[in-house]
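Below are structures written as C-alpha cells.
There are two complexes below, and they share chain A, which is joined by chain B in the first and by chain C in the second.
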Partner chain A sequence: MNLATLVVGLAVATALWSGVQALNQQARTSYDRAAAVFGEAGARSIVSASGLFVPQETYVALRRAGWKVSPVLEGTVRIGGVSYRLIGVEPLTVSKGSPVAGLATGADLEGFLQAPGRTLVASETLAELGAVEGARPRTDGAHSLPPLVKADAVAPGLLVVDIGAAQEILGRPGQLTRLVADAADRHEEAHLVGIAGRTLRIEKAEEAGDLARLTDSFHLNLTAFGLLAFIVGLFIVHASIGLAFEQRLATLRTLRAVGAPLWLLLAVLVGEVVLLALVAGALGMIAGYLIAAALLPDVSASLSGLYGAHVGGHLVIEARWWLSGLGMALAGALLASAMSLFKVYRLPLLAVAKPLAWREAQHAQLLRQGVFAVLCLLIALAAFLWGRGLVAGFAVIAGVLLGAALLLPLGLVAVLRLGERQASGALAQWFWADTRQQLSGLSLALMALLLALSANVGVGTMVEGFRKTFTGWLDERLNSEIYFDASSIEDARFIESWLGGEPRVTAVLPVWKAETRIKGWPVDVYGTRDHATYRGHFSLLGHTDDAWDRVRDGGGALISEQLARRMGLALGSVISIPTPDSVWDIPVVGFYPDYGNPKGQVRVNVDHLTRHFRDARRTSYSLRVAPGAAPAVIQRMQAELGAKLARVVDQASLKAMSTRIFERTFAVTGALNTLTLIVSGIALFASLLTLSDLRLTQLAPVWALGVTRRRLADLEIGKLLVLAAITAVLAVPLGLVLAWCLVAIVNVQAFGWRLPFHVFPMQWVVILISALATAFLAAIIPVIRLQRTAPQDLMKVFANER
Partner chain B sequence: MRASLESPKATPAEQSQAAGRAPSDALPLLRVLNVRKSYATPQGPVPVLKGVDLTLEAGSSLALLGESGSGKSTLLHLVGGLDEADGGEIILDGVRVTGQSDAERAALRRERVGIVFQQFNLVPSLTVAGNLAFQARLAGRFDADWQSELVRRLGLAGLEARYPEQLSGGQQQRVAIGRALAIRPRLLIADEPTGNLDEATGDEVLDLALDLIRRTGCGFLMVTHSTRLAARLNRQVTLASGVIAAS
Partner chain C sequence: MSVRAIVVLFAITALAWGVERAGAGGFAGLGDSASGFADVVPGKSLSFPEDFGAHPDYRIEWWYVTANLKDADGNAYGVQWTLFRQALSPGPEREGWASQQVWMGHAAVTSAKEHRFAETLARGGIGQAGAKAHPFHAWIDDWSFVSTESANASGLGSTLLTAKGADFSYSLALKTGYAPALQGDNGYSRKSERGQASYYYSQPFFEVSGTLTLSGRSIAVTGQAWMDREWSSQPLAADQKGWDWFSLHLPGGDKLMLFQLRGADGDFYRAGSWIGADGRTSVLDAADIALTPLAQKDVAGRRLPISWKVVVKSRGLSIETKPLNAESWMATIFPYWEGPVRFSGSHAGVGYLEMTGY
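For the complex of A and B:
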C-alpha cells in the first residue's frame, strides 16, 4: 500500500507538471513556427524608427547596397468574424529557415508569385476555415485570398502570401512592416544610417517575437500552477518514502550489524528510489499527456481570445518533454527522499528499540519548521520590498505560501491544545490529545491541503473579482446598442448618411482606429466623437477636470492603464505617438481600464486621428438607438445595406462573446485548481493509509478499555474533519493574501492592469465544504478498514510474542 | 443506602445485590465451561483452545502458566471480552460473556474488567493522570479520592503531569495497574505484567498489585511464564496445547 501511494503521488505530481509543460511547449512551438515564417531564429529585423512602416524603396536601396534583407508585411484580416494573421513574404529573398524558402527552388514558385498566387496555411487553419485546398475565402473587408495551399510548416492561424498580394489585401501599397536580414548578413547599424538616414533601426533580438513576449506571463502563470501541484504531489512522496524508510530502519540496522557496508545500502536505496521514480514518472507523463490534451482547447481559446495567438489543435510531444518530465520526477523523488537517506547515513548501529518519543520529536520538528517558516516569510518580504518584475511577484507568493504552510502545524497544535483544555469528558479529552499526537504524521498532508485550499481561495477571489470588474466594465464600455463595420470607406460614408434617415437611431459614433508602435509595443489609437455615451459611462481610473473637453478639442488623449504603466506616464505627461509622417505629441488627460488587452490603447478625437493618421481604418461605428429598437434596426440594416455592411452585432452578442472568452480563459485555471485539490486529497489519503498500522497500536488500548470499534471509527473521522476544518479556516486569510498578491503584484507585472480587490464570503463556505469533503473521502477507506479490523488483529498489539 | 447504590462508585455486584438478585459473590466470579477457540490461517483453522473449564472466586487469584502457543493469552482475552469464543460458555460476575455483541463486550470491559498488558499499552497522548482516570471516566465511575490513593500507593506522586514516554518501564506498568484498578473492577486480568521489567521491579509491581487487589476484592487472573511469580497467587493452572494440563 505504501508503494502504491508513493507511485501514485509521484505519478500525479509528474502528471500535472508535465501536462502544463506540454501545453506551454505546444504554444511555444506554435509561436516559433509563426516566427519562423521570417527565417531562422536569431535573424535580425530592420524596422522603422518611428514604429510604423518601412517604404518599399528603402528595401530596394538596401538590397542595392549589398544588404541581404527580405521584405515582410504583417497585418490582421478577419474572415467570418475570426482574426487571422496575414504575412506577406518575398520567396526569392526570404531567409533559409522560412517554410516558404523551399519555394525558391520548388516547382510551386511560379504559382506562388503569379496571379492569383497562393496562400500557405496549416492544416488546422484549413479546417478552421472550413475550406479545401484551392478555395479562395473572402475577408470581411471583401478581398479574396489567393487559393489556399496546405503547408504544415506554417503555424496555425497564419496566412502566408506573396508580399504583393499582402499589400493589396491589407491596403498598404509600397509599405513594409520589416526587413528581415539573413543570418549571414554582417552589416552594421552605421551603414544603415548612411543609406536610409535615421528612419530605420535594427530591432534587438528580445524585441522580436511579439507573441512569445506577450504570452510569457500567461505561460508563467501556468508554470506556477504546475509547480504548485508538483510540490503538493511531492508531499505525498515525502510522506510515503519517510514511512517506508521508518519501517525498514530495524532491517537496515540488522544489515549494518552483520557487516553490510553503508555505501552499498545507500546505493541500493538510491537505486530503488530512482527505479520507482522512473516507473512512476513514466506513468505520470502518460497522465500528463492526457491532461494536456483535455485542457488544450481551453488554453488555445484563452491564447486566441487574449493575445490573438493561434495554438495548434493537436498535441505534439517532443523528446525533450519526456526527458524533462522524467528528470523532474527523478529530482523530485530524490529531493523527497533526501532526509530519509540522510537518516540511514547517520543511523546508529546500536540504537535500542526505544518507543518513539513523539512529543519530543514533534516539539523539535515544530521548532525547525517555525524557524524555516520565518525565513520564508522574510524572503517574501524582501522580494516584496526590493524585488522587481513577475519573478519577484511569484517569489512573494511562494515565500508566503511556504511560510504559512510550515506554520500550519504550530497553529493546529495551539487550537488542539485549547480544545483539550476545554474538553471535560474522558473521550473528548482523548479526542483532542490524540488528534494532536496524530499531527506529526499528517502535517505534511495538511500542509498540502492548506496550499491547495488557499490557492483555491486566492485564485477564486481573483477570478471572481475579475469577473465582477470585467462584467461591470463591459457594461460601461459596451454602452452603444449596435456595433458595425462597413466593407469600405465609401460604404461607411454611404451607411452614415443612410443612418441619418433612420429615425430610431439617436447617434452614429465613429470608432476609427489606427495602429502604431510606441517603443516597440503595438498600440491601437482610437478616434471617437464627443458624446454623452462616453462622458456619462466611460469609466476613468484618473483624469484631469477638463479631460473630456480637452479630448473633444484635440488637446488631450486618454490612454489605457497598461500603456500608462508600461511607459511610466502620469496625468499631464506628453505621449509621443508615431504617425506615418511624424510623431504626434499629445498630453495625457486620463487613464482608463482596458482589462485583457495585450496591446496599448489611446483614445483621441476622431478628427484629430484622421489628421495624423491618413490611413486610419474608418469603417467601424457604434450606434445609439431608441430603447428596444436594436433588433429591428439591425434587421433593416442587413436587409437594405447588403454587402456594404461587413459585420453588424448587437450589444448583447458582443458582451456574450467577451464573457465567453473570459470564461474559457479561466477554465484552465479552474481545472488546475481542482486537480491541485484532488492531489492534496490523495496526499491526505496516502498519509492516513500509511499511518493506519501505527494508528492501530494507538487505538487498540482505547478499544480494550471499552470503546467500540464503531465509536473509534466515528472519532477517527471526526479528528480528520476537525483538522481539515481548522486548515480550511486558516486557508481563507492565506488565500486572501495570495489573491492580493495576484491582484496587486502579479497581474500588474504580467498584464499591466490592476483589479479592484473584492472578497466573496460564499466562496469560503464552498472551500470549507470542499475541505471537509476532501478529508472525509480521504479518511473513509482507512476508517472502514479500522472498523472492520478483527479483534484478534487488534489484540496482536498486546501479544507478548508480537 | 439507596443513594449510595445510585452513586457512580457502586460496583455491578453491589447493584445486583441491591436489585434483589443473589449476590454474585455467592457464585464463582468467573466460570469458564468447555471453551473452544481456533484461528483461521491460510492452511486452515488452527485450534488454540480445545475445551477449557475454569472457575475463579471473587477476591482470589489464579496464575495461568504454559509454553508459548499453549493458549493462555487467548483464554485471557476471551475472559476479558476482548475476543469471542467459538464454543462453550464464559460467565463473568453473573453475565454471560459468550454470545455478547461487540458493543456489549465493550461495555463489559469498560465497567467490570481491568486489563494490564505486558507492553503497558498506555494511551501515549494522555498524561499519567489522564491515563489513570481514562477508563474510570469512560465508565462514569471516576472517584478522585480513590485515584489519589492509587497515585500514592503506586508511587506515582509528582509524575501525574508526565506522559508515558517520559516514564521508566516500571513506572509505566504501575500506571497501567492504576488505570485497571481505578474502576474497582470485578476482575483484573494481566498478561505477563512483569515480562518487560527486571526481577526486582517486577516483584515490586506485583506486590503492589496484589495488595490493591486485596483491597478491592476483585478476582485476579494472570498469565505468566514464571513459576516463581505464579506461586505467589492462590492457584496455578497450566495450559498445554489448548487444554488444562495441570491445576
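For the complex of A and C:
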C-alpha cells in the first residue's frame, strides 16, 4: 500500500508538471513554425507605413529595382465558425529557406500555381477541418478554398495558398500585406524611399519575435502552476518514503548489526528510489500527456484570443520532454527521500525501538519545521522588499506558501490543544488527543491540502476580481453602439458622408490608429475626436484636471497603464513618440486601464495624430446611434455599403467576444486548480491508508473499552473533518495573501496592469465545503476498512503488542 | 541551337511539372502533350519586329545572349544573359496572377579564374517580367535587354544588356548592322528525325562595349555577342537525354553554330549552320559534322567533356576547343555547363559551349 502511494504521488506530481511543459512546448513549436513560413527567423519584411496594404505595383517596382522581395497577403478566413490564418505566397520568389520554397524545386509547383491551385495545411489543421486531402472547404464568406494538401512544414491553423488565390478569397485584388526580403537582400531603407516615397517601412526582424515575447508571461504562469502541483505531489512522496523508511528502520538496524556495510545499504536504498522514480515518472508522463491533450483546446483558445497566436490542436511530443520530465521525477524523489536517507546514514546502531517515541519525534520535528518555515517567510520578505521582476514575484509566493505550509502543523497542534482543554468526558478528550497524535502522519497531506486550498482561494479571488473589473471596464470602454472598419481610406470618406444622411446615427467617431515602437516595445497610437462619449464614460486611473481639454487641443496624451509602468511615466512627464519623420514629444495628462492588451497604447486628438503620422490607418470608426437602433443601422450599412465595409460589429457581440476570450483564458487556470485539489485529496487518502493499519494499535483499546466499530468509524471521520476544516480556515487568509501577490506583483510584472483587489466571501464557503468533501472522500475507504475489521483482528492487537 | 531549347525546356518543365514526372518518363510528356498550344509548322515566314517579342501561344521560348569579351590587358571574359518563358497551360493569357506564363532568368560572368551566376524567377501577368517587340524590351526584375534606338527604328541595331547577381553585374551596349539570321529552313529548325521542331533565328554579329563588375572590380570590356531566339511547343524527342551546342566566332567574320542531341542509345541528331560574314546562312548536312569529346573533367560531381574536336569536312574546318574556365557550371534549379571557349587548329577564335544532360 505504501508502495502504491509512493508511485501514485510521484506519478501525479510528474503528470501535472510534464503536462504543463508539454503545453508550453507545443505552443512554442507552433510559434516557431508560424514564424518560419517566410524563411529563417529574422528575415526582414517591407510593410505599409500606414499599416494598410502594399500595392502590388510597388512590389513589381521594387523587384524591377533589384530588391529580392516576395509578396505576401495575410488575412483571416472563417470556416465553420473557426478562424484560420490564410497566407498567400508566391513560390517563385519566396526566400529559399522557407518551407514553401520547397515548391519551387518540388513536384507540385504547377498544381500550386494553376487554377484551382492548392491549399497547404498541417495535418493538425486537416484534422481540425475534418477534411481529407483534395477537399475544398468553403469559407463563411462563401469562397471555396483550393484543394487541401498536407504539408508538414506549415504551422497548424495556417492555410497557405498562392498569392493570386489569396487575393481572390480575401477580396483584396492588387493588394499585399508585406514583402518578405530574401536574406541575401542588402538594400537600405533610403533606397526604398526613392522607389515608393514614405509609404513603406522596413519591419525589423525583432518585431516578428513579438509573439514569443508577448506570450512569455502566459507560459510562465502555466509553469508556476505546474511547479506548485509538482511540489504538492512531492509532499506525498516525502510522506510515503518517510513512512517506508520508518517501517524498515528495525530491519536496517539489524542488517547493520550483522555487519552489512553502510554504503551498500545506502546504495541499495538509493537504487530503489531511482527505480521507483523512473517507473512512477514514466506513468506520470503518460498521465501528463493526457492532461495536456485535454487542456490544449483551452490553452490554444486563450493564446489565440489574447495574442492571435495559433497553437496546433494536436500534441507533438519530443524526446527532450521525456528526458526533462523523468529528470524532474528523479530529482524530486531523491529530494523527498534525502531526509530519510540521512536518517539511515546517522542511524544509531544500538538504540532500541522506543514506544511513544512519536511524541518526542513529533516535538523535535515541529521545532525544525518551525525554524524552516520562518526561514521561508524571511526569504519571501526579502524577495518582496528587494526583488525585481516576475521571478521575484514568484519567489514571494513560493516563500509564503511553503512557510505557511510548514507552520500548519504548529497551528493545528495549537488549535487541537485548545479543543482538548475544552473537552469534557473521556471519549471527547481521547478524540482530541488522538487527533493530535495522528497529526504527525497526516501533517504532510494536510500541508498539501492547505497549498491546494489556498491556491484555490488565491486564484479564485484573482479571477473573480478580474472578471468584475474587466466587465465593468468593457462597459465603459465599449461605449459606442457600433464599430466598423472601411475597406480603404476612400471608402472611409464615403461612408462618413453617407452616415451623415442616416438620422439614427448621432455621432461618427474616428478611431484612427498608427503603429510605432517606444524603446522597442510595440505601441498603438489612437486618434479620437473630443466627444461627450469619452468625457463621460472613459474611466481614467489618474489624470490632470484639464486632461480632456488638453487632449482636444493637442497639448496632451492619455496613455495606457502598461505603457506608463513600463516607461516609468508619471502625470506631466513627456512621452516621446517616434513618428515616420521625427519624434513627437507630448505631455502625459492621464492614465487609463487597458486590461489584457499586450501592446502599449496612446490616445491623442485625431487631427494631431494625422499631422504626425500622415499614413495613420484612417479606416476604423465607432458610431453612436439612437437607443435600440443599432441592429437596423448595421443591416442598412451592410446592405448599402457592400464591399466598402470591411467589418462591422455591434457592441453586444464585441462584448460577448471579449468575455468569451476572458473565460477561455482562465479555463486553464481553473482546470489546473481543480487538479491540484485532487492531488491533495490523493495525498490525504494515501496517508490515511498507510496509517490505517498502524491505527489499529490505537483504536483497539478504545474498542475494547466498549466503543462500537461504527462509532469508532464516525469518530475517525470526524477527526479528519476537524483537521480539514481547520486547514481550510487557515487556507483563506493564506489564499488572500496569495491573491494579493498575484494581483499586485505577478500581474503587474507579467502584464503591466494592476487589478483592484476584491474579496469574495462566498468563495470561502465553497472552499470550506470542498475541503470537507475532499477529506470525507479521502477518509471513506480507510474508515470503511476499519469498520469491517473483524473483531479477532482487533483482538490480535493485544496479542502482538510490543 | 536546340541545345538551349532543351535546357530551357527541361529547366522550366522540371520546375513546373515535377522532377519525378520528368525523371520517370524522360521527356516523353513533352512530345505528346502539346495539344492546345500553337504548332510549329514549316513554311511560316518570320516577321520583324513582331518576332522580337513574346509568342505566348507557344509553350516555351527564350532570349539567349552570350558574349566573348576582352579587357584592356587582353584578359578574356564570357557573359551570359538568358530569359526563358514557359506557359503552364494553353489558351489566351489570363490576367494578373492567374496568368499561366512563368519566366526565368539566368545570368553569368566568367573569367579564367571565376565563374559567377544568378538565377531569378517571375510570374507573368503582373509586369515583373516580359518581352515586348516594339520598341524591343525583354526583362525580368532589374535585368533587361532593351532597344536604345530611336522610337521609330524597329530593329535590334542598338541595345543595352544588363544583369546583376550577388557578386557580379554587367552593363553592355550591343550594336549591329546585320538583319537576324534565320536558322534551319527559313527559321523552321528540326530537332529530331521524328519532326520535333522550333522557330529559330540568331543575331551573331553584335559588337559589344561596356563594363562588367566581378568581385568588386569594375572592368571595361569589348568583344562580340551572339543572340539566339527560339520558341516552340514540342521540341524534344522522347529518347533524347542531353545535348552539346557550339556558337563560334570564326576568323574573317564568319559564324558557326553546331549542335548534337544525344540519344539514349548512343546515337546523335546533329545539325548546324555556317553564317557568312555577308550575313548569308548555309545549313550544314548532319553527315558533314563530327563532334568528338577529348579531355574529360569532373565538374560539380559529374564527368564532362570540356574539350572537343570539331570537324566540318565540307568547309575544311578541323579545330580543338578548350574552355576559358572549366568550372563554368550553372548550379541553377536545373543545372548545366555553359561557358566561353577558345579554339585552334584550321581556324582560331572564341565562342560559347553549352552541355546538358551529363
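Simple rule for what comes next: the second predicted complex is superposed on the first by the 622 of 802 C-alpha atoms of A that agree within 3 Å, B and C clash if a C-alpha of one lies under 4 Å from a C-alpha of the other, contacts with A are read in each partner's own complex, and residues count from 1 in each chain.
We adopt the following convention: contacts are C-beta pairs under 8 Å (C-beta built on N, C-alpha and C of every residue); 3 or more make two chains touch, one makes a residue touch a chain.
Everything quoted here is computed from the prediction, not taken from an experiment.
Participant: Could you say whether A:Glu110 touches chain B, chain C, both of them, or neither, answering first, second, both or neither?
Facilitator: second
Participant: By residue count, is chain A touched more by chain B or by chain C?
Facilitator: After superposition, B is the partner touching more of chain A.
Participant: Check the residue A:Gln792 against both partner chains and state whether it touches chain B (first), chain C (second), both, or neither.
Facilitator: first
Participant: Does the superposition put A:Gly66 against chain B (first), chain C (second), both, or neither?
Facilitator: It touches chain C, and chain B stays clear.
Participant: Give one of first, second, both or neither to describe whether A:Thr93 is in contact with chain B, with chain C, with both, or with none.
Facilitator: A:Thr93 sits against chain C, while chain B stays out of touch.
Participant: Answer with first, second, both or neither: which of chain B and chain C does A:Gly389 touch in the superposed model?
Facilitator: neither
Participant: Looking at A:Arg709 after the superposition, I want to know if it touches chain B, chain C, both of them or none. Which is it: first, second, both, neither?
Facilitator: first
Participant: Scan A:Pro701 for contacts with chain B and chain C and give back first, second, both or neither.
Facilitator: Once the two structures are laid over each other on A, A:Pro701 reaches chain B alone.
Participant: Spell out the part of chain B that touches chain A in their complex, as residue ranges.
Facilitator: It is residues 39, 68, 73, 77, 82-84, 102-103, 106-111, 115, 117-119, 121-126, 130, 133-135, 137-139, 142, 163, 165-166, 179, 191-192, 195 of chain B that touch chain A.
Participant: In the complex of these two chains, what residues of chain A are touching chain C?
Facilitator: Contact set of chain A toward chain C: 56-57, 59-60, 63-66, 90, 92-93, 104-110, 113-115, 162-165, 167, 173-174, 184.
Participant: What residues of chain C sit close enough to touch chain A in their complex?
Facilitator: Of all residues in chain C, those touching chain A are 15-21, 88-89, 96-98, 100, 102, 121-123, 126-128, 139, 141-142, 164, 166, 333.
Participant: Where on chain A is chain B touching in the complex?
Facilitator: So the residues of chain A touching chain B come out as 355-360, 425-427, 429-430, 433-434, 436-437, 698, 700-711, 791-792, 794-795, 797-802.
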